[in-house]
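Listed after this line are the structures, all set down as structure tokens.
Next come two complexes built around chain A: one with chain B, the other with chain C.
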Partner chain A sequence: MASAELTVVSPPGTTRAAGDGPPPRRPRRSGGARRRWSGLVWVAPALLAMGAFVYYPLLLNFRYSVQKTNIFTGQQRFVGLDNYIRLAGDPIFWRALTNNVWYAVLSIVFQVFFALVLAALIEDMRSPRMRAVLRSVYFLPSAISLTVTGLLFTFIYQPSGGLLNGLLDGAGLDAAQQSWLGNPHTAIFGIIAMSQWQGFGYSTLLFAVAIQRIPRELYESATLDGAGPARRLFSLTVPMVREMTGVVMIVTISGAFQVFNEVMVMTAGGPNNSSQVLGTWLYEAGFIRNDFGYAAAIATVIFTVTTVLAVLQIVHTSRRRVA
Partner chain B sequence: MSAVTTVRPRQGLPRILTQLLLLGFLLGLVIVVVYPLLWMAVSSLKTNSEILGSPFALPAHPSSDSYARALQKGVAGYLLNSVLVTSLSVVTTTLFSAWAAYALSRITIPFNRVVLLVIVGGLMLAPTVALIPLVRLLQSWGLYNTYWALILLYTAFRVPFTTFLIRGYMIDLPREVDEAAEIDGATRRQTFWGVILPMSTPILVSAVILQVLFAWNEFLFALIFLSDDSLKTLPVGLATLSSRSTTDFPAVFAGMTIAAVPMIILFFVGQRYFIRGLSEGVGK
Partner chain C sequence: MNTRLKVFAGLGALTVVLAGCGSGGNAGQAQDAAPSGDLAKVDYTGDVSVITKYAGENSAFFQKMATDYEAAHPGVHVKLQQESDQGYKDKIKTLVASQSLPDVYFSWAGNYAEQFYDNGVALDLSSQIGAGTPWASTMAPSAVQAFTKEGKTYGVPISLDAKYMVYNKKLFSDAGVQVPTDLAGLLSDCDALKAKGTTAMAFGNKDGWPAIHYITQLNSYEVPADTLDKDYSPATATFDDPGYEKSLTDFKQILDRCTKSGSGANGVDYYSERDSFGQSKAAMFYVENLEFATMVPKGSKAESDGWGLFRLPAPTGAAGDTGSLTGAPDGFLVNPKAKNPALAVDFLKFVTNADNAKVITETIGYPSPVQGGLTEQNSSLQLRDSIDDLNKASRLSIWLDTVTAPEVAQAYLSGVEGLVSGDTSPTDVISSVKAASKQAQ
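== the complex of A and B ==
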């Protein structure tokens, strides 16, 4: 285990210490406390970075959320739950939350259920090359920045000269043509659709990896028992990848409550706040209106949702370990 | 229905038809994914009026002038900033994480369970949650509007995932390796750099690739903590470019292609490591 001869604190430097020579052998434990404590040097950079940039601001956020900042003097004063009460009475906050829920629901449909079936279909194909090509091609948009895919779909959704309206025109559905991101009823769904296009291949890849871990013999015996493709999918594949499904589901929902980039690039929450999500509403409160306390209260809501989901994930994985 | 008839897999026309339908569906989905990306690349070679007037057509006179214009309109700087921030944050994230992973898998340190919990606990924290206080903190630390703001934030927020990933690999390396190094008189530092780190190369490659992807595409921090146009990275720079060049769409498409192509290449070149990192990172 711990090396007995390490008495000098040796921080993990950038160069390898050459020619230290063999240190004298000593019985274990004689290094004492010093040897043990020196081990913390290895984790110090990670802990310092996280302490300063993750945990400290996280704690400050709770304090900010019960304060009001005077933007002229920069003074902060305690206002109790005032920010949260304002939040509860803010119709745009509820609109944003509803949009996040829509995001989560549709992402579960496409990035969990659809992706799982798709992965099963791919892994059922005979040619290994075909399987590899399909997995990679579907994944491709996930490697690209959401700014790029967001801008790309802004062009696709454009009322004139956009691909979508062009396609509808070609299919004789001119009546359905519209300004997809300019219409308050369709804007958020246009963004969500882009997000599904961008992300379904990511979870398909994860499911494909999970399916590959299922022993082939199970499929062979299921086929011998007369199970068709649909039966094999629902009675064999789905139960065998249940752990992955749980993890992907939680990661997907958690991601749906953190969306920001694509909404910011495509509509910035408009038109008329119809496509606001919690992230963009927080941005607007904090950086456009300089209402830090209010923005911090929104952050607390995001924190609560994502933490509950994370705890569920831990429970989910540890139950699997025990079982 | 007797058991004998159900044992035989279905044969003949219906089966072939199902297979064809399935293949058609999978290939249709390929088109849905690939067509917009090709359209983006092709549109960068068209003229503004061609993009607006005949979006489906190929360019009459393909021209790559748009790339020169995009680079001139700021993309050259954004690209350089992205390369700088990405490479530096890859170095710090991978080093910090590999050190921590080593301490949490190969040696015994005080409070190791607490340290593990604190580091991996960061996995569940969304960046938005720390955003508002970070503005003040980075301003008072003099980091606001510098490359270091992004490099340090990208490191701090990615150390949890990367440590988790590398630790999962290091913990499975055989115990005898450290013991042999110890008998040879190696210090911990020598064991780490000379033995454990080289043995972990496959997972380090995965960690580096995933960090490149993250840093290259990150938007939220880059939007908030850099205000000078000359410091912006590609994701924020492109958004600026598109709002500025409403009369030069080919240049915007060119900028988008410039941002996308390196990651597409990285994905295809490092696919094996990519998939390993993703599945290990989520599945454990």
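== the complex of A and C ==
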């Protein structure tokens, strides 16, 4: 608590005539500097760790992407942009990038649009208990490890004895039965579908939290004005959760370009490279073909894409932030 | 985890591997892996580090070996790491790049092992297990040969693995079919079995390599051996022989006429198909002999039906070596930078002595390359038959995914997956293999 004496201290400059020489050092500045230095001491370990384990490897990766490396002998040779030129002419790289784009587009549809609609429906329910139960039910898949989910869906997609083909058979849709992960035309979509099942509930939960922050009076007013559920969704809920929508969208897209686990578990990029994504193609280049310079170039592409999206996220959030 | 942190973490993993490569120069190991001192004079003190790919159900053998070796030599500590098959493939690259290879490490035969030897990270063991040495004389010659290059032996075989078609005797008998002697006979057997309502052959290719094992054998039948040797080495490869496309066509016929999974096989798990043979739900399965015990466990239906084995039949008039057999030993290499290389070699001698040759079969069912390792007490009749047959093979054809350069192996793996699903033709596959081989040069 400030004492009465502190309130009568004259502001700096008002008690000092011009030409009195340099201003005396203020005790407060000295204290501030000490605090700043002590603050730096506290954050220094974290900064050092980030520098050593995040930023330094990042810089090294750029260097490696312009080198050809023999991991057995340790020899590294500068090759300029050769790895990037090869990347540009590699059809599997473009297929992987296309698959990542598919991942992003479908994730936006399911994990942003449908998740928002579902969250609005849940939060519109009268029973608080039912709302809590449904939020938990939809969130539950997100709590399961991706590897476990991948294995689970591998069984679901089994061509013979798999749950999906069994359901199609039961519904009389025999012709639609597939070797879902064995068919180059359906493999990546089978993986994306699994990913949506897994991530859908998490986005729904985030939207539900955002919707809970909207004053209920606005909904009551809209209802009194004759707005139906659809009108309330698009004219009230959607604008009011715009900030959360932006964040979820950017996070979803960034995640879509870093996908790895589920593809490795379910198809390892096959069959015939049809389900490769940038992460798995990087892995194959580095850890199977020993082409680490090329793998580093792919890593640079992933980093560039996700950094651009991260910057968009920061800009978007700062513009939309409510004071 | 935060999005950016995920990216950084991924880049970090890659960088950890590369950071070990040193900085822009010649920080690597010497190319010449000459013997380090006298390997016969063993100092039984200190540590010997060992890494295997036998984690899980196959870990018991090396655990016992480590314990027994320490008991026999109280001054020695065996630092044993056991990884899964895939985990090993990832880890060994990191260990090599960071120059942290254990003293003794696993390797498949073929190009996979040669890349270690060629780059000076595998010790020349010719003085110990080369041709004419007492240690080599205890082993099947083909097993030692698989780890020999240009007269120098650099690996110690640990198990003897070969691929056989196993068949259910009752299902064959019910369908009135005989063990085929050529590819046409196999296909007609499949037709007869299918007509009887039996799944002729179980096949799952989710991992890609099961189909590659067929192609390994069929290439060996359809392409002359000299041509194969030339083409599997990227420096001299052309892949111009018409036999390569023929072998792919042969495989497609087997796939279409014998298997139930057919064009959907890429989505089918190999191991569940293997189990279906043990449950007598399929009449045939193409399998490695070291899987026999797992495939037909005691009390299984296939065991009561009776089962036997034969080699994948060769096409009539094939231009290659029809006496060849797909298979290769798994083995271990020694790091030239081991602190006590003689101790590392001695550990491998211990693991492959006559007594432990029996123990590997008793504990994990693997046939040892050491002669006399299989007995009536520790192995099935089928396993002993397979080893007898293996010893008659004119040549061991090493797995296609380890005998050649990784780029070529990957082109084969993905190309054959496309062939299975019906999206690529044999000509397309060979075109991509040629392109990969050119790149590997």
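Keep this in mind: the second predicted complex is superposed on the first by the 281 of 323 C-alpha atoms of A that agree within 3 Å, B and C clash if a C-alpha of one lies under 4 Å from a C-alpha of the other, contacts with A are read in each partner's own complex, and residues count from 1 in each chain.
Just so it is clear, a contact is a pair of C-beta atoms (placed from the backbone, for glycine too) under 8 Å apart; a residue touches a chain by one contact, two chains touch by 3 or more.
Being a predicted model, the structure only gives us computed values, none of them experimental.
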Exercise. Should A:Leu206 be classified as contacting the first partner (chain B), the second (chain C), both, or neither?
Worked result: first
Exercise. Of the two partner chains, chain B (first) and chain C (second), which one does A:Gly228 touch, if any: first, second, both, or neither?
Worked result: first
Exercise. Should A:Gly166 be classified as contacting the first partner (chain B), the second (chain C), both, or neither?
Worked result: first
For this session: Check the contacts made with chain A and report whether chain B or chain C touches more of its residues.
Result: B
Problem set entry | Partner chain in contact with A:Trp42 - chain B first, chain C second, else both or neither | first
Exercise. Now for A:Ser127: first (chain B), second (chain C), both, or neither, which partner does it touch?
Worked result: neither
Exercise. Now for A:Thr73: first (chain B), second (chain C), both, or neither, which partner does it touch?
Worked result: second
Exercise. Where on chain A do the contacts from chain B and from chain C line up?
Worked result: 53-55, 57-58, 60-61, 64, 154, 160, 251, 254, 258, 260, 279, 282, 286-287, 292, 295-296, 299, 302-303, 306-307, 310, 313
Seminar exercise, completed: Within the complex, chain A is touched by chain B residues 3, 6-7, 9-10, 22, 26, 29-30, 32-34, 36-37, 39-40, 43, 51-53, 55-56, 92, 95-97, 99-100, 102-104, 107-110, 115, 118-119, 122-137, 152-153, 155-157, 159-160, 163, 178, 182, 184-185, 187-194, 213, 216-217, 219-220, 223-224, 234-236, 238-239, 242, 249, 252-253, 256, 259-260, 263-264, 266-268, 271, 275, 278-279, 282-284
Exercise. Which chain A residues qualify as touching chain B in the complex?
Worked result: 1-3, 5-6, 10, 12-13, 16-17, 20-23, 36-37, 39-40, 42-43, 45-47, 49-50, 52-58, 60-61, 64, 118, 121-122, 134, 136-141, 143-148, 151-156, 160-163, 166, 197, 201-202, 205-206, 209-210, 223-226, 228, 243-244, 247-248, 251, 254, 257-258, 260-261, 264-265, 278-279, 282-283, 286-287, 292, 295-296, 299-300, 302-303, 306-307, 310-311, 313, 317
Seminar exercise, completed: So, in the complex, the side of chain A touching chain C is made of residues 53-55, 57-58, 60-61, 64, 67, 69-76, 78, 154, 157-160, 178-184, 187, 251, 254-255, 258, 260, 267-268, 270-273, 279, 282, 284, 286-290, 292, 295-296, 299, 302-303, 306-307, 309-310, 313
Exercise. Which residues, counting only chain C, touch chain A once they are in their complex?
Worked result: 3-8, 10-12, 14-29, 31, 89-90, 93, 96-97, 99, 115-116, 118-121, 205-208, 260-261, 263-269, 272, 406-407, 410, 413-415, 417-418, 420-421, 423-424
